[in-house]
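Please read the structure below before turning to the comments.
Letters A, B, C and D mark the chains in the order given here, with residues in each chain numbered from 1 onward.
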Amino acid sequence: MRVAVIGIGKMGAGIARNLCKAGHQVAVWNRSRGKAEALAQDGARVASSIEDAVHDVELALTMVADDAALEAALAGGLLKGLPAGAIHVSSSTISVALSARLAGEHASRGQAYVAAPVFGRPDAAAAGKLIVLAAGPAEAIDRAQPVFDAIAHRTFRAGDQPQQANVAKLCGNYLIVSTVQSLGETVALARSSGLDETAFLGLLTETLFSGPVHKIYGTAIVEKRFRPAGFGLGLALKDIGLVLDAADGAKVPMPVASVLHDAALSALHRSPADSDLAALAELAAQNAGLPD
Amino acid sequence: MRVAVIGIGKMGAGIARNLCKAGHQVAVWNRSRGKAEALAQDGARVASSIEDAVHDVELALTMVADDAALEAALAGGLLKGLPAGAIHVSSSTISVALSARLAGEHASRGQAYVAAPVFGRPDAAAAGKLIVLAAGPAEAIDRAQPVFDAIAHRTFRAGDQPQQANVAKLCGNYLIVSTVQSLGETVALARSSGLDETAFLGLLTETLFSGPVHKIYGTAIVEKRFRPAGFGLGLALKDIGLVLDAADGAKVPMPVASVLHDAALSALHRSPADSDLAALAELAAQNAGLPD
Amino acid sequence: MRVAVIGIGKMGAGIARNLCKAGHQVAVWNRSRGKAEALAQDGARVASSIEDAVHDVELALTMVADDAALEAALAGGLLKGLPAGAIHVSSSTISVALSARLAGEHASRGQAYVAAPVFGRPDAAAAGKLIVLAAGPAEAIDRAQPVFDAIAHRTFRAGDQPQQANVAKLCGNYLIVSTVQSLGETVALARSSGLDETAFLGLLTETLFSGPVHKIYGTAIVEKRFRPAGFGLGLALKDIGLVLDAADGAKVPMPVASVLHDAALSALHRSPADSDLAALAELAAQNAGLPD
Amino acid sequence: MRVAVIGIGKMGAGIARNLCKAGHQVAVWNRSRGKAEALAQDGARVASSIEDAVHDVELALTMVADDAALEAALAGGLLKGLPAGAIHVSSSTISVALSARLAGEHASRGQAYVAAPVFGRPDAAAAGKLIVLAAGPAEAIDRAQPVFDAIAHRTFRAGDQPQQANVAKLCGNYLIVSTVQSLGETVALARSSGLDETAFLGLLTETLFSGPVHKIYGTAIVEKRFRPAGFGLGLALKDIGLVLDAADGAKVPMPVASVLHDAALSALHRSPADSDLAALAELAAQNAGLPD
């Protein structure tokens, strides 16, 4: 399939590379061209503009930082350049409101739109083992499936309306952040009480909470690995902000999400740059008067 | 081994029955005698008083509702009647402060003391598949091991000081309550946004959060099974209160635990009697204006 | 002075009437024309459109519900029709972001812009006893002063940049909502403990908290006057949302504001329509299991 | 009247001095004798023990740090030594539970008991301008009135049951702490937005919030006077803990009080010793990334 990947950060690079490996014809574009050029050796064509990247594709996948970056890409050639009939697969974690709006804008140009945010950190992107959460018209998702198969080991379908995938993605991220905060409070109490933290975490993750989120973040917290960022604190704050925006739109109070927002904001001011989401636990420990 | 079980509620009954099955000589006592008598057919001796239950045992296991009930049992014969050299295994979810105090009181009488709270709902107790979290002198835990083996499929050792097992148990319960609250907020948002909740929960529990707590409570929340109680809302509130007491003693702020406390208290006033901890999600949905 | 008042709700009507009384030539416009017509007997001219209202004025004062209503008025004739050199006085409680943007838009058309939100309920507007909080170029505020003198008994100047008045107004509203919530929690505890609430409130408002907010809302709470709305619950929620938006823009965590947001949202779902902000105390009492 | 004052800290010293000035015969006792001896020059008798202080009094007023200190005084001679018919006036800020218990203990010895906590900082105690909040049998309060008149300019009666005064006092302190936290969040946002803080505070305290608490703490916050303590951060945390205990006993959720507890605990770990309650605003500013 002729595919463009717009946004070649840590995530986009892995995605583009796996699309090349799977035999697709891949054009790549990035705001700072250097990152895109590294993919030439994988067989990707480095486009000179977004319009150049998308002018003849069947599918354009965007993986950019936030709403602003996606709006810039749309205005900077994506809306105008994407052929009628082609699909825009939006994999960035963006606001529910923007995603809902995009459905209309693409439809008015005869373009298809699928929201397909992903779960997984850069290593999962590199390994082609992301989890894709797709929503939109079933026919368009079907056509995009070969792309999802190249980058992910699971594709879940969240509904007919693209923004439902964005809600689901944001809810998932909220549960991750909530887990990190609760683990952080727990480990602060355990440490203050002289518990063997490693044994305690083992108990939790071998029994009640045996999923990967508790294991990955629990280990990082117990080992005090707060930097460099896998899932950066700033991104986590952005996502909690999007959750609260979506909740506000739906008139749903989310008191724990509110606590997470305030904690993440404090942590961002107090933690070194490039801190991981796990630094919420560092803040919890410092607020408890524990030594670093 | 000659064993007494003090407190024959849903949990204690399963424990006593499995001890009988494993060939131990079991005396049982309960404040309201009827519940204890049901165990006679399993081979347990129904004691006429706490002193009668414990006077010749090697180990007395207590499984009662709260601090007050345990203090009543201690004053009502346990402290006086337990032979020197015998072990008091305290499996109730009690305060860290009481557990710390008991270590001293038993020691002064030449009795051993092991805190061994358990994870697992009544069905796990009935099946002998609890998880035991033991702390105290290693020698005493070793002697109690055959009892743990009869009631549990895992025994974790939390440390040398009995109250460390209580801290660990409370932290585990805090994480359970926190998970339920976060799932409740999430499902309220998902429902308001028209997501297929069952598919969404499947995504979460097949990938990021594949442990049993998310599965059990997530399913209950999506299916709106809020009653009858497995882990009752009132007990959950009690446990969060104990977590906050322990945190206060250790000078550890736990902002999410504070939110849970306030939510559980509101839910207790608003929910029918015999509501499960899962009713936190019912409160979240009602606060979001969703129909029952 | 030739003045237009755009938005003739409870607040705008009092403002327009006092401007007529003070001898200004007043044109009025309202989306639903009926409310505007009631002012003809006070000497106001009922304009047929926004452009008609503002085409020859020296000052146009807007007092509308929210950002959306103000943007509609701007697009619906205000921006285009306001003469160069005339002043737009924006008295609505709007977002900091919109106010900052308006400064630029008016400047590019040679119009002046002053943000001048007010404190005071409709009875204060009717009595010409509002408090005006003005920010913007000093020269423009000076020119607007006769208008402020007709509607208010105090004018405070918050700074050179219009949006500083909006921040100050939102902060004031936040403190009001925070006071109501804290009083609500307090009265719930006092009532549960059998205190004489009226005596208790008297103690507070005669000593520590003798300002008008504690007196007005404290009395409403103790007397359970939750409806009809003076300062409506929905507006309070809107304002707390604007506070949180402003705080987010400035990267300031406001944990109490977050609690207020979630409480107001829950109260909105649970309270009858037309409930006052004081209904936060009704929610607090219900969450405490107290009878209505 | 023959009076004993037990507990000669900053508050107790002012109280004892004003009782001497008013012509009462005053015996004083303090755990560290030095502080008591300073009152000899005011005419007080420095007692050698609590029993010595109270053996012939009509009224013994206690003003100590907390529940533990009061229980120590009771066990250390006050209960045994206070003559039958004499009154114990408890002016410390203690728990509702202890106050309720004391009513019974004193009654069983034929002693009267009045809870009479006070509002006012040490300068108000020195000036005899405290506010007394008394509860208990009306007859006993009547007899104690001359003592209250010597130390306070207002006496409020909260009810027949002594602990009602303690609830009222704790509620008052909760509202003070809540005010400081809200002001702290507000000033952080105002400062980030470039408002003139002094003008902004003036606006608030001349209009909406003209009572003394907003003025005193608002000024301290704007001027960054966080040390030394008038009302110490540690005492504020203790009081919020007592509020939450009382609320728990009454099953009243107090979500803002929970936030205050967690903020005060964090501030205590992060602020220098001898910080005032106003340091909650210092924490808010630091959490917002503002320079000290």
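The criterion applied here is as follows: a contact is a pair of C-beta atoms (placed from the backbone, for glycine too) under 8 Å apart; a residue touches a chain by one contact, two chains touch by 3 or more.
Note that the structure is predicted; figures quoted are calculated from it, not measured.
When each chain is reduced to the average of its Cα atoms, C sits farthest from chain B.
Counting C-beta pairs in contact across A-B and across B-C shows that the higher total falls to A-B.
In this assembly, the C-alpha centroid of chain A lies 38 Å from the C-alpha centroid of chain B.
Chain B and chain D have Cα centroids lying 39 Å from one another. For the pair chain B and chain C, the distance between C-alpha centroids works out to 52 Å. For chain C, the set of residues that touch two or more other chains comprises 251-255, 259, 262-263, 265-266, 268-269, 287-289. Touching chain B in their complex are the following residues of chain D: 241, 248, 251-255, 258-259, 261-263, 265-266, 268-269. Chain C makes touch with chain D in their complex at residues 96, 119, 131, 133, 154, 156-159, 161, 163-164, 167-168, 171-172, 174-176, 178-179, 181-183, 185-186, 188-190, 192-196, 199-200, 202-214, 243, 246-247, 250-257, 259, 263, 284, 287-289. Put simply, chain C touches chain B in their complex at residues 255, 262, 265-266, 268-270, 286-289.
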